């Protein structure tokens, strides 16, 4: 391909993404936007399965799925368009949690469980969730205390408990990480498997997060998705991709919260003038705008890195860079947005609180900014040593 | 003493301090203020010995000295009044370096060297300096690499090198820390002792700081000021007191730099209005003002702690708290002052640069803000353990 | 009757401390939010029975008659023991107001009822669209023979749903030249026909604020405090002491204490990065305490606070906000869970400080307004 | 003559890179301050001999005629190798100005002399008391037969002490209604009688800026560029590309590199607290690079930069400032020593970045002005 053809192809892709963006935005707006997010709070499931099936019909659950599973085989960049719009619209459906993260593990692991589950997942019939973190909140996926031990009947028993499991109340089954003699292993267990107990806690958004405890949960060897290095690789990659998607959702949310604030300060008057005309407010708004641009830049670089070399140290570093920036910016902007709105920004009936709460959830999920800055530094040191070794 | 009498005594002390403050301010202004600080840059010595002797005549070098040495026996709070005014006036004379720090070590150590040296020091005839830090800049006084070893003739040989020695070009002698079989020991060596070599470097203020290397410097046992725990205690206390005085000098400097900036933005016009009328500038000025008040509060608490319990963990913690805040605030205010002044603030002919450079020197001296925050945390942990033990 | 002011400071402190420690319900110590009447009523009545409900009122009116020094000791001991604020508008606002500006009839009718817990007052100042520009209020009161007829709306009225009465600013002369003129100060019974109270749920899930609607509400002319159209001057003079309490280090100290509990459980004090951040906040709070003490001394000496007191509110609320953010960060994956979270020790509510730190820089005059005040009145910067 | 634009991007990059690596004096790589003519003259003449002095001028006038993409590669390679800026006002300002607005006589007289290093230009825009309000300039030029007579003062004139000529804005109609009107653009020989140049030493100990005084200085009428009284429009149009170069990540990257060298020598990478601060700055720079690249793409596509480009200058200069502060902090006791300090490896100048970070947010329109531009023109906030 020569330069002109490449430029034309890039322009085509940009056009396609713009169309996708507009169609997602229009659809979620039609579904109810912030009003629906408000209505879903505290409910179980914390989202609408009918809307979920529509997402499936629109193909959004199969964007990055290879064609062999009935997917569209597109890149993470297309998925990010969806994540950003859903984030900006506060859609409560767990697209990143169930698709990029849980189904992502299956997709990267491959094998018979993936073959069986991915088509119904893409069709919106099965909603999986990933149970990987221990209750100490350690965000290194290799840190696993739950165990998988062979029993006398040829089956396997899972024991342990997994915390911070998104939508544990709604999922049809869990992909759990457990430690066996080979190291890390991944198992699929249906939500109603005997020995599984779920304790739910509400998140700031009103969605439920669960602690899933397993007492002698019996699984067949066929429920083992992957083991050893292969399992760890699939898990790492899916978590990294979900982290980038969480960053995309944050970017969507950041833009909406900033625009809502800009709109407000343009019309809200104090002492006879719009507060957006006060220079101190203007300069703070500019600083928020700059942070938005940085967040977009970091997200763009993360998507590019995953396209160029998905499992590389560079992609991991770019992932952490994006999540750190986007988490910080989202919390900063929502805090400042409340301050610029004044008392109304603190009321439940005003939508801004929904953005603040979503920012809290997405910022804390899959490692917050402090954790990702630390990971970025660790990767940097590792890659320096790699280079010099 | 009843409450009324105590209140009256406090009012008297406040009056005395105000008078002292005014007389110091008036004197240093008469000596030349910033103009003199500018003229002294790059000269050796970097201050005026005639002015030094006037300080002595005014009693400023003997404020905290016990009456047995011909001193006034006043508290650190009175000394802080002098340090603050000298700092605000950019006086180049090393009052904190030679008096609070070097003579302070002698005073706290006591003994025959102190008996001999303190009266001429208070009279302005001998200017000592303290050589305690190694070239790695470690600011724990117990970290000593220089050695003191007995030679065959009954004398002692000092070897090693001491960095960051203030006014090493001008001092008449050095108080050096060295390690002997008892641990830490303090020695007095005249500046012209054989085996002493001094390499000078200019500081941002234009004053000289020296690296003092000692090669087989021979000292008599009578030159030993103190040894062991006693020496360490004297050293620690003098360094802490000098750290509080450096904070006081920073507070003086902070006030002057802020007022200079406020005066400037009230009269400097841009787009037809004084820049001090722009709200963004006003709010930044307010934030600087708040920091000034915090610095004063931290300094006040440090002085109170040294009055109440001079060698306590509480006094050490308050010292670090003051130095951390005052160093940060001074650099912040000077940076912002340059920005608010615009290009003129960056010129050498404008006095603001002198404040910035003095802030750099005082902030780095005796531990910068990062080092003191760390020390504060370490003391806090130590005192918690003490309390629970 | 005890003359508290004649007592030594330490003796008085001990007396107050002992009473709080022995009588204040331990489950109500350090509540993360304002308590509702149903929760705090018992303590209110305990204070009333002790005669300690109104520390600063003159003894003539049933108060303790404390001088500023003693009153600050009283407050310090409340804060030390984590004693919750009662619905105290009657004591802090209406009482002093009536004692200074009220008629004999108003004093003898209202003051005893406050002390007996019969009347709970709320403050009707803020209005929609007025924000920090309080004097632009629009709620009108028109004189109709011997009554005022009130129409309009108040908002951000703290705990109005528990109040029996509201003291409010109303516009009685819409033709006045300056917006500060033509405002009057009225006392209104919340049971009056035409009053509707609507609680406003906030993002922390509580209902501390209300909207109060007035639809042809009638109040006797005798319910005016001070002169007609001169209410603004009275209201402004009453804001004095509020300016120092808004800058109290209490919230920051409390939040820092909760953060320390959380961090110990998570082993964060072994992490130098956390320790560095925590230490910086400790110093911010320590310096706040120091500057706060300086202003408290001014009050203790009976002197008037200058406009520089605004710095306390700015630094106190912004420090509180920073602490609450580090709390969320330190909780890691649990940083978005609502309610108390078990980290292996005393459960900690991660988000409550974060939520309560949001309105802190807004109420009582936003921090932007406070900065404007300092810029103009302290630093003398030009308009 | 080579048609550089016809060359592949990578091939061109390699060509440029090789030339720089082979010919640029290694002792002048990454200088911490602007080089004086005596230092940089050799390299200037090397570029002149190669025909590379004026990358963007059309080949017709002796330039390389690079398109935006190629020019950015040229700049990227300069920055990559730490090639210092030459006294480039002739190339970047006077050349494009004359090519667009100059007379044939002006072009044929001045352009070759710039390319031969005979004429060194400086920019006479700023005046005392004008600051960011450039159009309020007062230096006057009165027509006296076939000459202008210039009186007044310019300031912050970069390296005027090395310049042979100055291009300047002067007020030719003091009666004009708007301050932007009545301004003309003049070319003046620095050897003209009545010109005094006074270098202004700065706090970093260098003399990058000068004051230039004009006392009845005479310049031929033919030295006007464009129409009389229309100089403001010309000057404003010329500021375009400057806005992106002011936001280059170069200074921040350089400072971060020096900080890394210092920190390695002092063992700071084993300190988690330092590592955390360093990482935050790394991310700030990485994100700056990313946003910068987006604006560079706009230039590469030949499109016009919008007012949003101002964000680059704000973030670049403030990031640079934060890095320079961490540098001073990391040096500890050596943080106030002037000049290069030996920490046991490659000596590091601790303070030079700190000093150079001071004027960065000021020149080229202060960051306050840049924020005003974004507030109004990008965010659409009201006046």
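Read from first to last, the chains carry the letters A, B, C and D; within each, the first residue is number 1.
Going forward, contacts are C-beta pairs under 8 Å (C-beta built on N, C-alpha and C of every residue); 3 or more make two chains touch, one makes a residue touch a chain.
Not measured: the values here are computed from a predicted model.
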Selected interface, B-D versus B-C, where C-beta contact pairs are more numerous: B-D
Chain located farthest away, centre of chain D as origin (C-alpha): C
Inter-centroid spacing, chain C versus chain B (mean Cα positions, whole Å): 44
Length of the line joining the C-alpha centres of chain C and chain D, rounded to whole Å: 55
Chain A and chain B, separation of their C-alpha mean positions in angstrom: 54
Chain centre separation (chain B, chain D; CA means) in Å: 41
Overlap residues in chain D, where contacts from two or more other chains coincide: 273, 276, 368, 371
Touching two or more other chains - residue numbers and ranges from chain B: 278-283, 374
Chain D contact footprint on chain A (complex, rising order): 262, 265-266, 273-274, 276-277, 279, 282-283, 285-287, 289-290, 293-298, 300-301, 321, 324-325, 373-374, 376-377, 380-381
Parts of chain A lying in touch with chain B, wherever the complex brings them together: 278-280, 282-283
Of chain D, residues touching chain C in the complex: 271-273, 276
Residues of chain B defined as touching chain D within the complex: 133, 137, 139, 163-164, 201-205, 209, 268-271, 278, 280-281, 331, 335, 338-339, 342-343, 345-349, 353, 356-357, 360-361, 363-365, 368-371, 374
Chain D to chain B touching residues, read off their complex: 126, 129, 131-133, 155-156, 200-203, 205, 209, 273, 321, 325, 328-329, 331-339, 341, 351, 354, 358-359, 361-363, 366-368, 371
